[in-house]
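As written, the chains take the letters A, B, C and D, and residue 1 is the first residue of each chain.
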Amino acid sequence: MSDVLTILLVLPIVGAVIVSTLPQRETNLAKGVGLGISVLQFLVSLSLLSGFELGTPGMQFETNVPWISELGINYHVGVDGFSLFIILLTTLLTPLCILGGWKSIDKRGPEFTAALLVLEVGMIGALISLDLILFFTFWELMLVPMYLIIGVWGSEQRVAAAVKFFIYTMLGSALMLAAIIYLAVAHYNATGGVWTFDLAALQQVVLTPREQTFCFWAFIASFAIKVPLFPVHTWLPDAHTQAPTPGSVILAGVLLKLGTYGMLRFAFPLFPLAAGEGTLILGILAVIGIIYGALVAYVQSDAKRLVAFSSVSHMGFIVLGICSVSVQGFTGATFQSLGHGLTTGALFLAIGVLYERRHTRQLSEFGGLAKVMPWFTAMFMIAMLGSAGLPGMVGFVGEFLILVGAFAHGGLTTPYIRELVLVGAVGVILGAVYLLHLFQKLMFGPITNPKNEHLKDLSLRERIVFAPLIVLIIGMGVYPQPFLSRINPTSNAAVAEFNLKRCASIMHAGSWADHAVMMSEIDGCEDPERLIAAVYGDERPFPWIEVPTETPEASPTAETQPPAPQPAADRPQQGAR
Amino acid sequence: MSGSLVVFYAFAIMAVVSALFTVTRRNPVVAAVWLVASFFAVAVCYVLLSASFIAVLQVLVYAGAMMVLFVFVIMVLDVSETGEATHRRPTRVRQLGYYGAVVVGVGLLFWVLSGTLARQFLTPGADLRNQPEFGSADAVGRVLFGQYLFAFEAISMLLLAAVIGAVVVARSRRDREREAKDEGMDEATREAAGLDPQETPAAPGLIGPTPAHDYGAPSAGGHEGGV
Amino acid sequence: MLSITHFLALSGALFLIGVCGVLMRRNVLIVLMSIELMLNGANMSLIAFSRLWGNHDGQIMAMFTIAVAAAEAAVGLAIVVSIFRSRAGTDIDDLGLLRD
Amino acid sequence: MPNADQIAYNLIYIPLFPLLGALFNLLFGKLLLRIAGDRLGRELVHMVAIAAVAFSCFFTISAVWTEMHIKGHDALTQSAYLWIYSGETQIGLDLLLDHLSAVMCMVITGVGLLIHIFSVGYMDKDPDYPRYFAYLNLFTASMLILVLGASLVVTFVGWEGVGVCSYLLIGFWYTDESKASAGKKAFIMNRIGDFGFIMGMLLIYVTVHSLDFQAIADMCSGGVDSPFVTHAVWGVPVATLATLFLFLGCTGKSAQIPLFTWLPDAMAGPTPVSALIHAATMVTAGVYLVVRLNFLFVLAPFTMAVIAVVGAVTALFAATIAVTQNDIKKVLAYSTVSQLGYMFLAVGMGAWGAAIFHLVMHAFFKACLFLGSGAVIEACHHNQDIREMGGLAEKMPVTSKTFLVSCLAISGVPLFSGFFSKDEILLHAYVNASQWSVGLNYVAYVFGLLAAFCTAFYMFRLYYLTFKGEFRGDHHTWKHHVGEVWIMSMPLVVLAALAAFGGLLGVPHVLGEMVGGIPHVFDAWLAPVTDIAHRFNHSGLATAVSDPDSNYFLGVREGFAHDGHVEGTVELVMMAVSVTVAVAGIALARQLYINGPSDAAARYAKRFGLLYTISHGKYWVDTIYDNLIVRPVRMIGGICYQVFDQLIIDTLGVKGVSGTVGFLGNQIRRWHNGNVRRYLVVLLLGVVGVLAAVYANPTISQIGPSKVNPQFDLGGLRPTLGPRRKPPRPAAPAAPQPPAAPAAEGAAQ
């Protein structure tokens, strides 16, 4: 059973090898084989879901085999609540992409399918790696097929977009590699000569504040570009616009999520002290991204570019949730990752459907499609509403948890987070603005362009592609319990671990030591939150309210309330922080 | 001044002077002869360093085999008097500038090397009294065929490869033309093999320059001369 | 008293003369000879240090250097022959093969 | 979280049936039409839709019956399942049917049922018949979820759901660009409100760590000592801030200033939709929310004052616009905004019962008015201009009579429903005041009276212009007039009856006592919800009352909150005043419009030219918003994209970096001209550089024989990148020689 992950890695490679031996003309055969393999892959990945043990925060399906034992690099893979569903999303989206791009990919089919399968390996590998070098390997492996997919099968300016994508992401990962090595060396020194790149082991290293800052931002540089955060987002619209439909779907659906996943899995737990000091900047960038992405999306004339900018906006929410370092924030971020993958994936597929028919993505070319393509309009609408965060659809659950987590619990880690939430929530309004704008331009109004008069509604193949997405968009919004119950324990543990290590880092920094030490050498972190609050200030509103009050008499708040006969005039001020 | 010091200075000066002559002679044959002299002097210095086996090797391989090879090639090519080509010489100023840069660079290198090394290795050397066999063929052989056996084998392979490579590379154009004709190469393959795309009739002989189709008009334009 | 410094100085001198030859001469054959000189200089250092530490590793290395030098000379000269045939010259400035 | 006085009940069926109906029609409606033929298909489609609402109505009634007959229980609850949970956040999909939601459910399912029936006639010829009924059912389900939600989040689900349905139904005839835009506008304005709703939820959540109404109420029970008041976010007590944000949500949903402009535009939808969504149910959701959270709002007197002011101003503002409009539906739309203003005036004054009472009565008469206007529009071949109508009473007797009844009701003519409900609001406005806002009540009262005058005037202007006088449209329309069909008349009659007699549910105390003990049934029914005193534990209320210097004051006057003991004479005088005002309005309208637009009307319009223009131009609010908000947002977006994305990041940043790299690369490429010797020179210089660095760096150049173990052990090499735990070099390195000395030595050699 624990070999499932290895199977998940090997199966697409086998598929890619088979497919790439096919002659170039056999485009359909290649796509068929690819589809078969990826569906098989999806079925295999479902066993992760069935075998996943509820209520355990730790890694499951672990495999740990030495790889380069001299340097302590292992093939160490495992799955927990953070990665489980993103893996499933990957294995789900890949066959849908092959099916969705059945018509639009008409040249070099074998190569395309092989690239897609290799991409899947890269993504799954990055999601399950518990060894930093292994992670980095897969992280870089993702780049190449994506680069090819954009560069070979993209639209007019595909090469420029592909190069931009490649350079941006390479830039980040170079810094990350340096930080990985630095961390491993620090571990080597701290333990007196043990090489390892294992995440769990490196997690035990407490770096000095300066080192943490350097490493944290090196990791963040890589992840922020992938997410993408506000000032480094400009590769995304180009890449999305130029990529073929399957590329866009995978890019938006999974690749971006790896940025936030990396923050959750690596950047934040490994360097909590620096994270605690960096979240304000990250949060501000995220909020700027939310507003900025929405505003810019609103003025786009290219449908795909519009959705691409909406990704910038949505990913800002996810980063904000991570910045809050709260159970709700982490769970919400993970859930929103899924939600964004599904909704934006569906939107890109829908725009792909239009592009297949009209070979243009300009909004001005369309209008009134609801008349000729009712099913398409319905699908599009559900995806759009899910993306706008309508309750009962997938977007709301994640967004709500993120906002709650950030607003109510984020103050311990991020100062001013409530103000950030206030500004970020404006994105809710703007989200509706640009999405409805898009929807109206495409679907409503009279059919002004005669070319649109005889557009065909969704074919059976396209309906099959959309169906699972639509079902999930609604199903996950109505009944998110199966997902939340698997994510929550991991979030709980992650937050506790973060606070513990942050506390240890503070103790370590307080000792003025100039070298990294192991966690086990630090003690005095029995109540991490209190210590952190004492050092950094606790901006959580009303942290003293621990549980919802069942009855007024039994309420703990009754005891903690200040005595009643205060001068009433200054009560509001007294309550101010 | 001990005897060994005298010997050292004598042969060191000889090595340096011969080396200087080697690089300054216009005629390659003359240069080669000076090089042999330098090798001999160096071999003597090796003896002073208790490396008698290497000294022998130096004489045999360097002064013997390799120099023969050199001289043979020089003779084969018949370039003894042509020396350096004279077409399109760079301007005097640029050439002087170049030489100046080289001299300054080398000077700096020598200054740095000597300064660093001289400061750091001012020791007389290990005591070899309990190691009388140091540097003999026996002693060297034990190390070579023990610890370094694998490297030795690898080097042997390298030499073999070099020999084969040399034979392949130095084959005459006429041989290659014939081979190309036998195999019926297309134009691209011919070009890759270093031949003209079109078959040239009446290939030239083994010795002496070819009609030099690209001698006067270098294929890649814009040579900037020696600088 | 003969010290390692003497040999290092000699080694440096030979090496630098070789460098000058490589950089200043345009005749391929003489450049090749200069390279041999440089290798000799390096060998001298190796052997001197071998003597200094009193172990044979340096000498072995020197031997390998000689072997490599022989291989290099053989291949190098073969290339010279080949080039001379096609271009009829031994002036390395005419050999812009690395360009583009 | 079932309370002691709540029992479990299967409430989920109430919204479930309309939801299933919607699903059925969405998925199979088109198919039915194709398979079963147009006629039968339509029958099936609307049968399903109507049956769904009827079921829902039935379940509501049975639930309410249960509630009434099980003593000692205030509410029925059901926890469907745990919906969103993480950490300590536990959001269940919980439903709650207490007396307030019972009233709302009855209205929604009852009026909804009638409007569904009316739609069968109205949408008869529409090709998108199934889609229409699906949306209508979906709306009903969402609205039911809204009022049945036991926590703010579930309410928010319905809140958003009705917003989407409203969007879809306003833009139902999407091929008309302007109609689609109206839907978009409605949704976006609602979304602005949702921002407020979300922020309000968050603020409540941080205080209570739950969003259940019950939990919030419990947390509020401390009165002025509850954390809502004693603690602040951004320097403002949570109660005030949260309620202000929530009220922003209400202004969006209930079309109050400043977010009211979408409602008149929303008339682009089919008229039954306007009746159901934009008059009877959805737009009242804001009022419902405030009443639902009344225990929280009373802790925020500032918010209450804001609500009262906004309500009063909106009531008058919209009424003055309605006076001059010529589109039959626009008049009704502004009337709706105005009436909603009344309701907010009521809740702002703490008259929860009165607000809900007016809400229900308004649902009856406004639905009737809208449906009547729908019938008229249908009859006039979708011409909505009242200047081209007139004399329709002759052709449409039922419609005109029901319309008249509703007009009388909305104008506040005695014994009709509006009289009771509106009068109650005005009474409260006059009597209620917090010390925080002294005098505000009188201003609000005057605004309310003026609005009442306008209401009477424009409603009868509408009535006379539509049904009396001569027909002013073209002959063709008159001749081919669509007659009344029973399926459209029946709902009208029922609603008119309700509008006429519904008011008897809330006979004012003074009148009730006069006649002989008719109770105020409505107040009594709502008492568990609106009687806030019992929500607060004794100490909290005592503090507020016993502290005379407190400028903190409960939003509702203590005395009034219990049973509204106002002196009978005062109440009677107030009634007389408002009746006078209403009659005056009606009389004026009759004077000017009984026979179509009279010259006198034109003269007045000319005399008050400025006022007329302002009113007719709707105060140009849309234009102002367009220029002040919409365009700037688009412009900022454009500037962001052009300047920031394209210019700064892409051109200067990315292209700048790549350009610089390219330029440098080209420069360096000139060195790589294939000249081996030049490469070697560079190599040489590099070697010199490295060695010079070694030479100059004392730490590195110290590695000499004295420090190195002759037995060189490579295994002993340790990486020196990170700081070492124990510095391996115990002693300070020997002082480096000055570089001059070896230089001289080298030169000497």
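As a working rule, contacts are C-beta pairs under 8 Å (C-beta built on N, C-alpha and C of every residue); 3 or more make two chains touch, one makes a residue touch a chain.
Quick caveat, the model's predicted, so the values are computed rather than measured.
Of all chains displayed, A has the C-alpha centre closest to the centre of the whole protein C-alpha set.
More C-beta pairs in contact connect the chains of A-D than those of the other pair, out of B-D and A-D. Chain B and chain D have Cα centroids separated by 89 Å.
Chain D has its Cα centroid 31 Å from the Cα centroid of chain A.
Averaging C-alpha coordinates per chain places the centre of chain A 58 Å away from that of chain C. Between chain B and chain C the centroid-to-centroid distance comes to 5 Å (mean Cα coordinates, whole Å). Counting partner chains per residue, chain B has residues 102, 106, 109-110, 113-114, 118, 121, 123, 220, 226 touching two or more of them.
With touch defined as above, residues shared between interfaces to two or more other chains in chain D number as follows: 673-675, 677, 681, 684, 749. Interfaces, counted as pairs of touching chains, are A-D, B-C, B-D, C-D. Note for the complex: chain D touches chain A at residues 1, 26, 30, 81-89, 91, 153, 156-157, 159-161, 164, 167, 171, 174-177, 180-181, 184, 187-188, 191-192, 194-195, 198-199, 202-203, 205-210, 212, 215, 218-219, 221-222, 224-225, 227, 229-238, 537, 539, 543, 547, 549-552, 633-634, 636-638, 640-641, 644-645, 649-650, 653-654, 658, 718-719, 721-725.
Here chain B touches chain D in the complex through residues 98, 101-102, 105-106, 108-116, 118-121, 123, 220, 222, 224, 226-227, going by the rule given at the top. In the complex of the two chains, the chain B residues touching chain C come out as 2, 4-5, 8, 12, 15-16, 19-20, 22-23, 25, 28, 31-32, 35, 38-39, 42, 45-46, 48-51, 53-54, 57-58, 61-62, 65-66, 69-70, 73-74, 76-77, 79, 82-85, 99, 102-103, 106, 109-110, 113-114, 117-118, 121-128, 131, 134-135, 139-140, 143-144, 148, 151, 155, 158-159, 161-163, 165-173, 194, 209-210, 212, 214-215, 218, 220, 223, 225-226. Listing the residues of chain C that touch chain D in their complex gives 9, 19, 22-23, 26, 53, 92-93, 95-100.
Remark: chain C residues 1-10, 12-14, 16-21, 23-27, 29-30, 32-34, 36-37, 40, 43-44, 47-48, 50-54, 56-57, 59-60, 62-64, 66-75, 77-82, 84-91, 93-94, 96, 99-100 touch chain B in the complex.
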